[in-house]
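In what follows, structures are represented as structure tokens.
Here subunit A shows up in two complexes: once beside subunit B, once beside subunit C.
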Partner chain A sequence: MDAFSAVLQGLPMTIVLTLSAFAIGIVGAVPLAVGLSSPNVVLRLACRLFVDLVRGVPIIVWLFLLKFGIQVGTFKFNPVGAAIVGLGVVSIAYLAEIYRGGLESVPRGQNEAADALGLTRGTTFLRVLVPQAFRIVSPSIATYLTGLLKDSSIASTIIVAEMVFQSQAFARQHPTMEGILPYVLVGILYIVLSLPVAYLSRSLDARMRKAVYA
Partner chain B sequence: MTLSEIANGKLAPRTGIRLDNISKRYGDHLVIDDVSLNVEPGTVTALIGPSGAGKSTFLRCINLLERPDSGTIQVDHHTIEPGKVINAKDLAALRRTVGMVFQSFNLFPHMSALKNISFPQQKVLGRSKEEADERALQLLERVGLKDKAHQHPGRCSGGQQQRIAIARALALDPSIMLFDEPTSALDPEVGLEVLAVMRELADDGMTMIVVTHEMQFARDVSDTLVVMADCRIIEQGDPRAIMSDPQEDRTRRFLRAVLER
Partner chain C sequence: MTWLIEWAGYLPQLMSGLGVSLMIAGVSIVAGYPLGLVLSVMVQHRNLAVRTLGLAVVEIGRGAPALVILYLFYYGLPKFGIAFESITAACLALIWNSAAYSSEIMRAGMQSVARGQHEASAALGLSRGHTFFRVIMPQGMRSAIPGLMGVAIQMFQGTSLAYAIAVPELMKSAYNIGSQDFNYLQIFALAGICYAAISMPATWITVYFEKRLARHT
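== the complex of A and B ==
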């Protein structure tokens, strides 16, 4: 098998890891972001502690903890599950922080106008604050997604057969100069994969800008 | 039809508002010190006074954007004691009765002018989209901005945005309107468009409380002039009488400063 086919074998797993973790993060970060700006001190501090704890530890440590630390339960013989959960939880923490920044950058007058009109807090959040915050944070979310794509390679350390894992396997079987080839290819592949995200982000940003200010 | 008839679909039931012994502090800092004010149905009250007097805070206490520490608010058979627990029903009733217009407009930038006015009607009053849109268009026409219906606020001038904001508040059929320096962010000429709309609203008999530095508006349109300074109401009464013969030294100094500008 040539180097390119070897790397490509890992492509579906890289995509599955990235998109699953991203999906978990996008949704899971919403309640956490709300908690981070809650007027309830206990809730706010608990959420803050969670975010700082998750972000303070390298992802690889979380993956090892999930893979080897949990002796009972689902992850013992399931590295893929462990990687998705690990990357997903890390994404929740990072994205929650991004959301919070976006929500806080919506001018205070928006909240006051909604209150004065008698809109409920739920309506205000979903229909007034979120659409404005989303436009502000969508570039940061795209940046996070490209970062996550690259970070998914860490799953190779817990025997998840994604692109970097396959590259290593090929390199091990070819202890000549040829062994360097999959790493070059995988590097190019990461860049190629992140291009559509950058493109999507830019067009989304332009569309949102139009929607908000046109 | 007049502005408030359009706003209400019929003549507005005139409602006054009575505030008793309102106090508000931020930490150790007293901002409203035991202020009482009675606003008769269908009258316009102009609230003036130096910067930092507590005018905005007092106005925001009326619809509970700020929560007073003590006092009572009586409006439309509801008595609210902000120092105690406020139940959601009273709060909703208060917010439905009282509309507010801000210095910085605070329109929703991601919605068209029409949607800004239509969306709250659907959410707060449960009107259908068709009904709410129709009402929104009537109001936009009345404030002279029908052609802006499908524009986002960012494409409108300050004066236009403020008129849209007034239409948005009126669309919920309030019986009392609060204005916090509605023209202070506007060029003088543009401010006149807004003042014209407010004047018309006053002529229709809307109960209004207006924080303003527009002395001519205060003199010509308001029924009562209230002067606030240092967290209190220091003087109130007939606007012309106060302006020509203020009883308090503080009022005199303030009026001189405003008029000399």
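== the complex of A and C ==
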């Protein structure tokens, strides 16, 4: 299976891209989500505009903008850097929207009860709202991770040697019927890779539901 | 200011690319949604073979990246003597994509129709076909509308991937202009604005529909 080993050569890069962007997104989305549900109108609208703008532009445009458009002094992005930053910023926007939905779905009474108990705003947020919101959004976060895994394939267009790039390289060298194999294999591999995440999300969801409604 | 003047010069060329993008998105929606409806029925079918086939088509369409399906049609199939023009390959790949995503949304919509509706139809002696087309589908489709609008926006953005197989759409036009003058920052920023100018208002309209539908249920 030459085609399969060719595709597998790109697997580490696909995983690095996906997990790096996910890590950026998971952390970076927190302040943005707080901004999206802020009582300050200006701050809220600014965050809303940022999220909608990032999500309104296709990922490939962000990647090309970073890879070819950004030059500060002698600094230029290398392909991997541009891909991680681009996918990371897009993740921040999508995950912030998911977090916001989770925070809004926590009943108002929780906020009021925490206030009545004299908890500080920080404690209320971290110890009361976030744990409850996390239960609600954890399946959406897992779904987003599988989406990000697929979106990492777009990095192949700025010459990052991930799975789709390796498939392309193999197909170019094999003009015969064998050349279709890497595309079929890489497609199956993406589906197989997203199975454990989907499974984790389902079991997490089931456990959290039990915890909420027990 | 100089940016604005340059942008004005680029705009006509970009607009023809945007036209191609919108055309591909339109085709993938107009052909993809009816196919999605067929798939959503297949996935719920009593016959195991039909159900499995439907599931396979949906899971591949959703589980494999659109770019991979695009390459499969454009670079893969010609090795078996089935060759498409780049724009046809792009349309076919995105039709598969939109059919798979829309079928899941339609299925969820139809499954959200209350059980009593099925029972009432049976009690009234309606045939299965009649029940589906006149009772379940109209109600299920209503709740699927915001989701389907979301898929439409996703498809419009997905047309940018057709750049990778040299379809002369918005992204490709931008790249061509950029490689002449090397002013990539301006041109990709303008391309981004063109995509956002359509996606952002479309998202706001979708959110509006979501809220309206939520009010009635």
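We adopt the following convention: the second predicted complex is superposed on the first by the 209 of 214 C-alpha atoms of A that agree within 3 Å, B and C clash if a C-alpha of one lies under 4 Å from a C-alpha of the other, contacts with A are read in each partner's own complex, and residues count from 1 in each chain.
The definition used in the following text is that a contact is a pair of C-beta atoms (placed from the backbone, for glycine too) under 8 Å apart; a residue touches a chain by one contact, two chains touch by 3 or more.
As the structure is a computational prediction, the values presented were derived from the model and not from experiment.
Look at A:135: by the touch rule set out above, it reaches subunit B but stays clear of subunit C. Contacts of A:27 after superposition on the shared chain: neither subunit B nor subunit C is touched.
Legend: residue contacts after superposition of the two complexes on their common chain; A:115 is shown touching subunit B, with no touch to subunit C.
Using the contact criterion defined above for the overlaid structures, shared-chain residue A:154 touches subunit C, although it does not reach subunit B. Once the two complexes are overlaid on the shared chain, A:43 sits clear of subunit B and of subunit C alike.
Of the two partner chains placed by superposition, A:200 touches none, neither subunit B nor subunit C.
In the superposed three-chain model, the partner touching more residues of subunit A is C, compared with the other of subunit B and subunit C. When the two complexes are overlaid on their common chain A, residue A:126 makes contact with neither subunit B nor subunit C.
Of the two partner chains placed by the overlay, only subunit C lies in contact with A:177; subunit B stays clear of it. In the three-chain superposition model, subunit A touches subunit B and subunit C at no common residue.
Residue ranges on subunit C touching subunit A, taken from their complex, read 59-60, 63-69, 71-72, 75-77, 79-80, 157-158, 160-161, 163-164, 171, 174-175, 178, 184-186, 188-189, 191-192, 195-196, 199-200, 203-204. Interface residues of subunit B facing subunit A in the complex, by the touch rule stated above, are 63, 65, 92, 95-96, 98-100, 102, 104, 106-110, 119-120, 123-124, 152, 154-155, 165, 168-169, 172. Across the complex, subunit A meets subunit B through its residues 107, 109-110, 112-113, 115-120, 123, 127-128, 131-132, 135, 211-214. Residues of subunit A that touch subunit C in their complex: 52-53, 55-58, 60-62, 64-65, 68-71, 150-151, 153-154, 156-157, 164, 167-168, 171, 175-180, 183-184, 186-188, 190-191, 194.
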